[in-house]
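The data blocks that follow each hold one structure.
Each of the next two complexes has subunit A plus one other chain: subunit B in the first, subunit C in the second.
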Partner chain A sequence: MAQASDLYDERLQRIKTAVALAKPDRVPCVPLGDSFAAKLVGEKLSVFCTGRPEAAYKTMIRAFTSLGEIDGIQHAGFDANMLSTIWLSKVRMPGVDLPEDNLWQVEEQELMKPEDYDVIIKDGWQKFTDDFWLNKLDNLGARVQPFFASMPAAMQAWKDLGIVPFSPVIVTIPYEYFCGARSMREFIKDLYRRPDKVQEAMDVVMPVLVEQARQLARGLNLHGLWVGGWRSASEFLSRPLWERFVFPYYKQIVEALVDEGAIPVLHWDSNWTRDLEYLLQFPKAKCVFSPDGATDIFKAKEVLGDHMCIMGDVPAEMLALATPEKVTEYCKRLISEIGPSGFILAQGCDIPPNAKPENVRAMIASVHQ
Partner chain B sequence: MGANLSEMLADLQENQVIEAVKERLAKGEPAIGIIDELQHGMELVGTRYQAQEYYLSELIMSADIFKSATGLLGDAFKASGEKIGKIVLGTVFEDIHDIGKDIVSIILSCNGIDVIDLGVNVPIERFVEAVRQHKPDFVGLSCLLTTAYDNMKATVEALDAAGLHEGRKILIGGGPVDETTRAYVKADAFCKNAQEAADMAKKMLGVN
Partner chain C sequence: MAISHSLITSAVSRLQEAKALELVKEAMTRDQDHFLILEEVRAGLDAVGEIYNQGNYFLADLIMAAEIFMEVQELVVGANIPVEPGPPQVIIGTVETDIHDIGKNITIATMRSCGLRVLDLGVNVPPRVFLKSVQDTRAPILCLSGLISQSYDTMKKTVRLLDRDSLRPATKVIIGGLVNEEVRKYTGADRWVKDCAVGTALCKEILSSNSRSCQMTGS
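Our next item is the complex of A and B:
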């Protein structure tokens, strides 16, 4: 029987081959499922989602080692407070604000005011977020610290099983932070009413985010990082706004990560089909485009297939409602049409808590058939 | 002059729209004419959205300018406007996402449909009461979470049980909603996006 370290090397090589746009011995499968893992092992979401990060990653390991052979896992652990750090929004928690077994949800609320752009420009991003975490997000730092502290052990625990913790850290661009903190409606109005001020603040924030991303990649010796995008999706913004406030910032962070030798995993929710051509400006064979089912993945293959590995995108609705046969059929289509070179099989975004276990098993099994 | 106000709104010229409305009110122009032009401006926004010249960003901005401008007109706005149909709309219970629902609300309003927006996390009984009270042509149910499917289904069942489904169509939409979802929750149709919701509603109403 193969040693875990041999398996780990073999699986990492398989993933890296796909990222390099070559053809691995088979398509790798690198899923993600946090709330799904809790449900699968019979744990209440209120118990799983916060305050006990060590137990949470062990729950994820228990779940994913029971579903078939996977090559990697996108996130090594979970704490719902982590969502507040990248959205700068409050999160409604099961067992606190919601019934015990409901899914956590980010709350749309205007916590940052228009005058805060000036504060950011004057005092810098670090000082602003320190204050924001403490006063607007109910001392987020104290709540999220145990999760950050658990990261190295969580990554090692997966590695010890021969499973690659592929992209356990999330970084993103100023747009996403501002949009979350201002609320989407108010922020979009800012883009019309005070565009220069928004851009000036973004340009103050960006070097800090790039440096943080570099240090995370270096400090944790990461293979990949999620470069997240949700509210900055093409479907929400006209192209002039997207070209000014979104794309140049992604380009900076992607180039910095590639420079660090890390793989930027463009975990981009919602529909980005309109702007896929722009991704050709990112370094070739160094990134992963990971749409959630809303972007046309077949169009992505057409545009980016010779330039960037694609990961995805079994949709949440299919995992929740379809039959295993349907899931297998879709996965086989992905493997043959998006792969077999330059492709990693995964769910779109995150496996939902009400996914049928047999559907997740079918997804994982499809790379072995 | 008239076309200018519509164009100004459609071009998102906020200050010019507000100034023009104030100026025309000061000259004693009847509010009803101004309202017509502002509504025409929103129709132009809808057309540009359909042509993919405009996106959510422009819908949000134009709706805000429209709201500020009509706010200057007082009660005249509330009494105005012929509607081609009516929808009771909301995000289902235990789901607090509102962006998709709000896009649908704006686009349907641009297309002359009276929108009774119940907001997010709407309890099943509230949908039932609102349908009983407003007697809409459509009920629109939105969700972003797959875990909200069961509440969507229960809402449809409650409307069925109250005899309120008959004579109206239940439309569903949202990120994870597709034909499989429609069959599961037993709605009448699913809409891929806001424009499809408007097109479908108009088709069902027999309006071009």
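Our next item is the complex of A and C:
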């Protein structure tokens, strides 16, 4: 029987081959499913989601090692407070603000005011977020610290099983932070009413985010990082706005990560189909485009197939409602039409808590058939 | 007067917020008919909808257009005064288990800016609250919003309650958010949409088809 370290090397090589746009011995499968893992092992979401990072990653390991052979896992652990760090929004927690088995959800609230752009420009991003975490997000730093501290052990635990913790850290662009903190509607209005001020603040924030991303990649010796995109999707913005407030910032962060030798995993939810061609400006065979089912993945293959590995995109709706046969059929289509070179099979976004286990098993099994 | 009003339409359609508001204020100081001012704004919003349908405006542009409409409405008729009085034509809410409301709120703003009367039940709305609201108002359209897959079961329960109380087909159920045809079938809803402009157009289509049926049957 193969040693875990041999398996790890074999699987890492398989993933890296796909990222390099070459053809691996088979398509790798690298899923993500935090709430799903809890449900699968019978743990209440209120118990799983926060304050017990070590137990949470063990739950994820228990769940995913029972579903078939996977090559990697996108996130090594979970704490719902982490969502506040990337959206600068409060998160409603099961068992506290929601029923015990409800999914945690980001609360849409205007926590940052228009005048805060000036504070950011004057005092800098670090000082602003220190204050924001403490005063607007109820001392977020203290709540996420145990999760951050658990990361190295969580990554090692997956490695010890021969499973690659592929992209355990999330970074993103100023747009996503501002949009979360201002609330989407207020932020969109800012883009029309005070575009120069927004851009000035973004340009103050960006070097800090790039440096943080570099340090994370270096410090944790990461293979990949999620470069998250949610509300900055093409479907929400006209191209002039997208070209000004979104793309240049992604380009900076992607180039910095590639420079560090890390793989930017563009975890981009919602529909980005319109602007896929812009991704050709990112370094070739160094990134992963990971849509959630809303972007046309087949169009992505057409535009990016010779330039960027694609990962995805079995939709949440399918995993929750369809039959294993349907899931297998879709996965086979993905493997043959998006792959077999330059493709990693995964769910779109995240496996939902009410996904049928047999559907997730069918997804994982499809790369072995 | 005609020149001023066409300028209002043009400013709204180009999403020139400050200019549109300035023109509206100017028209009001000249004692222009408030109804006509709002009609000019609506014409601008129709143009925004057209440009959106052509794929040249996006969600952010709809948000801005609805914002301009709300500001004009407040200027012209004052805050919290419905422009279109009467019972709701559309009841909308994010279903129980889900608190996402960005899409729902943008949809409501778009619908209202198109002249629809909308009753917003908020987020995390239980099936029985939707049922009671339909019973009380007999609204012809119920929109159920959900952005997590756990919301499917609540949508299904709500549709079942409406069926049980024979409130369908008089009330059409539209689901929106993380939905597709598979989800529509599962929940038993009449239609599904992922786009607030499409949802608004669909509601208008249903209302207009209801009104044609009423005319034909003489009811």
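As a convention for this text, the second predicted complex is superposed on the first by the 369 of 369 C-alpha atoms of A that agree within 3 Å, B and C clash if a C-alpha of one lies under 4 Å from a C-alpha of the other, contacts with A are read in each partner's own complex, and residues count from 1 in each chain.
Just so we're on the same page, a contact is a pair of C-beta atoms (placed from the backbone, for glycine too) under 8 Å apart; a residue touches a chain by one contact, two chains touch by 3 or more.
All values derive from a computational prediction rather than experimental measurement.
S.K.: Superpose on subunit A as described above, then tell me if subunit B and subunit C fit or clash.
M.R.: Taken together on subunit A, subunit C would clash with subunit B, as the superposition shows.
S.K.: According to the stated criteria, A:88 is in contact with first (subunit B), second (subunit C), both, or neither; which is it?
M.R.: Touch partners of A:88: none, neither subunit B nor subunit C.
S.K.: Looking at the overlay, what does A:254 touch: subunit B (first), subunit C (second), both, or neither?
M.R.: A:254 contacts neither subunit B nor subunit C.
S.K.: So, does A:188 touch the first partner subunit B, the second partner subunit C, both, or neither?
M.R.: Both: A:188 reaches subunit B and subunit C.
S.K.: Quick one: classify A:320 as touching subunit B (first), subunit C (second), both or neither.
M.R.: both
S.K.: By the touch definition at the top of the document, which applies to A:354: first (subunit B), second (subunit C), both, or neither?
M.R.: A:354 sits against subunit B and subunit C alike.
S.K.: Does the superposition put A:235 against subunit B (first), subunit C (second), both, or neither?
M.R.: Touch partners of A:235: subunit B and subunit C.
S.K.: By the touch definition above, which subunit A residues appear in both interfaces, subunit B in one complex and subunit C in the other?
M.R.: Correct list for subunit A: 92, 98-99, 102-103, 105, 107-108, 184-185, 188-189, 191-193, 234-238, 241, 315-322, 352-355.
S.K.: Would you mind writing out the residues of subunit A in touch with subunit B in their complex?
M.R.: 92, 98-99, 102-103, 105, 107-108, 184-185, 188-189, 191-193, 234-238, 241, 270, 274, 293-294, 315-322, 352-355
S.K.: Using the touch definition up top, name the residues of subunit C that touch subunit A in the complex.
M.R.: 15, 17, 56-61, 63-64, 67, 97-102, 105-106, 148-150, 152-153, 178-180, 182-183, 186
S.K.: Which positions of subunit A touch subunit C when the two form their complex?
M.R.: Of all residues in subunit A, those touching subunit C are 92, 98-99, 102-103, 105, 107-108, 184-185, 188-189, 191-193, 234-238, 241, 315-322, 352-355.
S.K.: In their shared complex, at which residues does subunit B touch subunit A?
M.R.: So the residues of subunit B in touch with subunit A come to 12, 14, 52-58, 60-61, 64, 94-99, 102, 145-147, 149, 175-178, 180-181, 184.
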